[in-house]
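Multiple structures are listed underneath, in structure tokens.
Paired with subunit B in one complex and with subunit C in the other, subunit A is shared by the two complexes that follow.
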Partner chain A sequence: MHNKRKRSSFTGLIRRCVALGLILPLMAGTAGCWDRTEVEKLAIVAGLGIDFIPGPEPILLTVQIVNPSGLQKGGGGSSSPPFLTLSATGATILDAMRNFAKASPHRLFYGHTNVIIFGDRMAREGLHPVMDYLARAPEFRRTFWILVTPATAKEILSVKLDLEDIPALGVTEMVKEFRQSAAAVIERQKDFLSGISSKSGAAPVSRLELLDADASINERLQEVTAGDSQQTSMPAQGKKQLRLNGTAAFRKDKLVGYLSDAESRGLLWITGKLNGGSVIMPCPEDQQHKISFHIERTKSKVIPYFRDGKLNIKIDIEEESSIAEVSCDKLDVSKPETIKQLEELQAKDIEARIKSTVEKCQALRADILRFGDTAYTRFPKLWKERYEEDWPDHFANLPVAVKVTSKIRRAGMTSKSGGTTK
Partner chain B sequence: MRRKFIGPFLRPLLKNKHPDSRREDRESKNLPPSEPCLQQSLVENLALLQKIFDHCEDVIFREFTIGEQQARAAIIWLDGTVDRQLIDDIVLQSLMQEARKLPPNGDISPPQLHTLIRDSLLSTTSIVESYKIPDLVDRVLTGFCAILIDGVEVSIVASVRGEQMRSVTEPETEAVVRGPRQGFTENIRVGSALIRRIIKTPDLKLETRKLGRLTKTDVAILYIQGIADEKVIQEVRQRLGRIQVDSILESAYIEELIEDQPFSPFPQIAHTERPDKAAAELLEGRVVILIDGTPFALIVPTLFVQFLQSSEDYYERYFFAFLIRSVRFLFLLIALSLPSIYIAATTYHQEMLPTPLLISIAGARQGVPFPAFLEALLMEVAFEALREAGVRLPKTVGQAVSIVGALVIGEAAVRAGIVSSAMVIIVSLTAIASFAIPAFNLAITVRMLRFPLMILAAVFGFYGIMLGYLALLIHICSLRSFGVPYLTPISPFKRQGMKDVLFRAPWWRMNNRPGGISPNNRQRQNTPRPGPKS
Partner chain C sequence: MEKAAIPLHQVFWMFVCSRFILNLVSNPFFNELANDRDIIPALIIGVPVQLIYAVPFLLLWLKYPERSLIEYSSSILGRFLGKIVGLLYIGYFLMQTAITVRFFDDFLVTRFFYHTPMEAIGLGLLVIVVYAVYMGVEVIGRCASVLVPVIFFGMLLLVALAFSQAHGYNVAPTWETSPGEFMITMLPTATRWSELAWTAVLFPLIRKRQNIKPAVFGGIIFVNFLFFIVNVSVVAIFGPVSVKNIRFPTLEMVQSVSVGEFLDRVESLVLGLWVFGAFVKTAIFFYVCVQCVTEWFKLKDRKPLIIPMGIIVYLLSILLFSNIVELSIFSGTVIPIDFAFTFLLPLLMLLIYFVKKPFQKRSS
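Let's look at the complex of A and B:
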């Protein structure tokens, strides 16, 4: 009896093994391996740039491809560069991407594209067709950063970056660092899409520019040392550098204008994304010297309300800071009254910045401040009835009040100006 | 047995006899109808025995006369398994010298003399009487000394065992930093004594039986009555009773003959070389099987988690046990699937790697002629060969092999661009991981299963790895060891048992024995949490 049971389980096993032996090659033949690609056969696209050239093939794609053999450590004097840029044009973005295949022995792999840069012209034409493809194609991430450049994306992607072998990866690092220090609003693709499809119908995008910073600095240094010109021999032209500077405002999918660096910071104040950063302002009664504060904590509230049947916006900001630098002569920060005075001055300063940002946005008729969203959440019916149509126009004429409350918590490690003890 | 393997396909062709009838044949051959008994005449007995032990030159016959009686007698022993000093002192001394004090003349009949010798002359502890020739032969072969007296049809068999054996040393396969340094030896008595030294209760039972038609190996079942599950003990007895084999040379023979699922790659019976571990298992309600001739004791029923536990977990403080066990669980996964994950990630799912990592892997793979799968297979096979070579070679040469293997071949292969440095890292990490699994038998299983997983990864990517994981999970969920589900206490879930899986609870919290193994006598301890207040 026992023997019988054992034997039957054994035959069962044999049968199962035979079945598995038949199924496995079938599975391998029908399902497997067809999309297998070895890593070294991929051209890893680190950054993608999209420009617009009017004509039959308007889309110009520029890809920055990583060249791993150029990155090998200690591989001797191999002179191959760490990255390559390729360009292709096409009627649509997909068409352009297909055209790459004609020029590249390896398949272009977009799974690691972390940054997409749009040229000014492209952004003004409207990102809709491009964004549609990027959202539809499975290979692209949903988290890549969007940047706009007043120059062309092709130019930007050909520039080498100091300290980073692959500029596109360097830009990604820059973007992350920038977000950390809260210097500008930088959006991922998904945030951008949600911004332009929201009630506000606008989104901010960071602006990446190509700047010859060295040149202007050298020029200024030249002025300082104008007296003895033998000592300075700085070149009038420096290296071109990438710099994140300011914000591009999009209404729907079209670029409508740029905000300056200072205005971009106002944007952060309003949207409450400011964590860190500093406020620098002139000393009271002494415009020559500066005093600066390190921002520790901010809280912003955008309150929509109706007065006389018209929509108003009140921006309420609470801010806590500590003193970071004092170069004023006659200022004793150990006195509570001084602190009080500084708090008021600081509040006024911040208020002014925010106001200028709001005015700029209203002038551009781009609600990147998300007032539309806030108003809609608070008064959905009224907003729909009166403001949904022509929101940009309504936004441009919206009365906005700003109120800032400042608190200085600490004076840093010393209470005297200049670090002296007396 | 071989027939059985061709069985299902060829049986109809061979027109064999029914297996049951064959079995009866064999059993009848095993047991001769009547066993020859000893005769009264010493000469006849000796002639018979000398015939049996023909050409066995290490079986020694020594004839002599007992005392003044002038009764003829002989002793027979197997040289090498007995202590000659003992024979001299106990047997010959008493029979030749002490017996002189007996009254002379023919006053005592041979049977009386026999009784006298048995009861008052032989000053040794262990004496048996043997009536039958086969029994006598068996005993002589196991180190007894048989005394035959003319005119008596019974033989006195005295134990004078004194074979050469290894002393108790530290177990090599299960070394610990802190803990007892004793290990089992090849002698089963030493083994049981070592366990008895730890557990001093008459409830610790020991049942011995001889297995193997030719080797007649002593096999002992140990359990603690009242703690071990009666059903499991009964099952062990039954399964051992079913064994029909001519030899037992190592515990592995028995393991393979009594395990639940012979076709599973997973080990279902744990073994140990450590008496303290065997004792711990006994105290958890398990049954330990000691086998003469090997220092490895079997432990049943066995759970999967046991293979990831080491006795040191209990000898170090419990925080450390938690840390080290988490590392082991992690390394189990690494040993099983790191090469396949690498293959899947680099050939199918490049988007899943961080960008800098992908770039450096791509850089390392520049110019490597093989696809990642072939490369991994090549390296894994090379590693297995290297390991095997290192194990078999003498220690001094073994080092040379590892130097050649690791440095020369590894370094040169990377330099020549035949394999990528990333793959070398993956393979070495996998190797380290497989050595971090405390049980060698589970480590072998994991090493074997790595290859099918690699094939799955090469064909289907992560999807294939997941399929492989699922198949393995389903398989080990279906396993049982002596009626206990293999994955206890994880599935079926046992709260008490979970205190000793990933996290070992401190002793003052492990109030009960782990669930699932035995329903009896669950309470283990009742100490309150220690501290100055108590």
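Let's look at the complex of A and C:
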């Protein structure tokens, strides 16, 4: 008995030693020391811009790096800016990234990059080589926003926004805000790739431009006050602003053209992504005054069908709105006939907008409206036989019918125009 | 020799975990489908295919409730052939263990630990696995019954969070694939049920093993349910064409989670779930390897075998593939091997059993 107990305590000791020997190497492993990175050694990239310069090193990368010491407010008046903009060129995107390392003592960390901005030239050359890197590199996620600028990405990333310390984060905020108010189509990288690889072979990307809004407003103000002897002395600031304005249309990975702001909204109508927003149109019998509607609810349906062996597209849109403002003299919105008339007018107005969007896309031969994909889903065999080849050409000649049903549900808190009886 | 007893519900969780955990990382299924838009009908048609696929092995288990695959292969096929088949199964299990370890390594190195050598990661995993196998199959069973529900609910939560990124038009079926083609494209998925083979080894250790049918069929349906949720969401999020290019689709889906723009970057969660699952799967397969060798040599104790075999698995996991492309191609070339070990051989044994049975009765 005594002997047995002694032996079992001895094996217990061995067991404990073995367990310790197993746990020790595990401790080294679980800490993940091999891949440790100190946060102060990282340079966090908030925004990335890619431009194309013809030549031996065509890729120009511009990064906006957060400067933590510049972000501290009220701390002894440090004069360092809250962000730094660095640029480097390279034969490939990785080459350019390596060239950053020569200029910066910190390792650039792209894990927080939410926006990637492409210059016009880069987009026209084709995004494929760049997109491949961005999909392969583990630091980038597939949900970053893609933006295209008609200027260069370097210019965009060098601009300081008024309210945001870091412009790239400001752009991210802007993107989120715009998605809420549905003023533009903004695509994540995954949706962009899905769009250009789909049967439509095209995708929309939001367009970011550098605008001297102050200057143009001042100019107009000066025109108005030009007659007066007293000169309004507006400070000619020349401060530039970033603005999301319009849409860039891609066919495969190449930029083929831009849609204007109004046309972009038509795109939202068709894809059913419209969320809020307004319709502004002239009064029925007098073109000077305007009437505006607040859009409450929309539903869109793209219906492909074959007639005489040819593909046709019908766009069916149902819309509900409320009257937001009426400045017309002779319009009595309290009458049901007027509402009916306004509904028809509104439907026509929307129809015209959508038609202009469709025509623009057809002129660009870029099916960013997903017609090809929709037709393929509905008629896979026929579509593959007749339309798969040269889809952009077929798309350009596609007969498209638009039908809008408009309903006005509410008219706000006043019944008659201006809140006064004339 | 120890006489372990695993309750049926633990078998169910082991069965489920072992099947789905690799697919949460790399999913060859997306490339096997002719048209990823037809994923919903394909997955639904796949369920009966997989249920039928399990039948031969199931019947075989129930014919020999007291003996394991290594033992009854000799009594069905004769001593010499039976031993060879046993040896082949040992090789098969070793290969499966090594592949699991290798997938674990490659996934972590590609996405999370860029600078850590793969060898260190594999060693870390195998050390725990070896310890678990030392402690016996009950430990693995209990681990599975605790960890796998966590993995399951964790995945459900992650899919629910990522769902806002999904587009319905990506999974609208075009019905281009004919029913026959559906069956054929779902066959590779069915062959990946190597769990049927390890259950054949562990079968004598299962408590109330006569009632295994609901556990196995339920497990197959449960796994398909999870596949349905995860895979359909992945295709809906990334689109039917680009999903084929994504190496770790489930991880990318989790990376795209962004709830209200404040709940972001939750992929460490999926990493945790995957480490749990990879541990359970590797432990099961490694235990089965050791068990098979013990029975093949008719040894009394399996413990002296564990560390040497662990070293073999470790080296195999490093040496079998020189890069990730070979590893991904291998999951395609392994289909006929899987088919032979999980369907063809058991079917053959079952047929021979039925042919031999009347003669045996007469002689006795």
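Quick note on the criterion: the second predicted complex is superposed on the first by the 387 of 422 C-alpha atoms of A that agree within 3 Å, B and C clash if a C-alpha of one lies under 4 Å from a C-alpha of the other, contacts with A are read in each partner's own complex, and residues count from 1 in each chain.
The definition used in the following text is that contacts are C-beta pairs under 8 Å (C-beta built on N, C-alpha and C of every residue); 3 or more make two chains touch, one makes a residue touch a chain.
Predicted model only: the values in this text are computed from it and were never measured.
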Which partner does A:R141 reach: the first (subunit B), the second (subunit C), both, or neither?
both
If you stack the two complexes on chain A, which partner ends up touching A:K176: first (subunit B), second (subunit C), both, or neither?
second
So, A:V66: does it touch subunit B (first), subunit C (second), both, or neither?
first
Considering only touches as defined above, state whether A:T374 meets subunit B (first), subunit C (second), both or neither.
second
Would you check which partner chain A:F109 touches, where first means subunit B only, second means subunit C only, and both and neither mean what they say?
first
In the superposed arrangement, which partner chain does A:S80 touch: subunit B (first), subunit C (second), both, or neither?
neither
Thinking of the overlay built on chain A, is A:D35 touched by subunit B (first), by subunit C (second), by both, or by neither?
both
Considering only the touch criterion stated at the top, classify A:S198 as touching first (subunit B), second (subunit C), both, or neither.
second
After overlaying the two complexes on chain A, where does the subunit B footprint on subunit A coincide with the subunit C footprint?
32, 35, 141
In the complex, the residues of subunit B that touch subunit A are 4, 7-8, 19-20, 23, 263, 346-348, 350-351, 355-356, 358-363, 365-368, 371-372, 458-460, 464
Show which residues of subunit C lie in contact with subunit A when the two form their complex.
37, 110-117, 120-121, 123-124, 127-128, 130-131, 165, 167, 169-170, 172, 174-176, 237-242, 245-246, 252, 255-256, 258, 261
Quick one: in the complex, what on subunit A touches subunit B?
3, 7, 10-11, 13-14, 27-28, 31-33, 35-40, 42, 44, 46, 66, 68-69, 71-72, 109, 111-112, 114, 139, 141, 166, 169
Please name which positions on subunit A make contact with subunit C in the complex.
19, 22, 25-26, 29-30, 32, 34-35, 135, 138, 141-143, 176, 188, 190-191, 193-195, 197-198, 370, 373-374, 376-377, 380-381
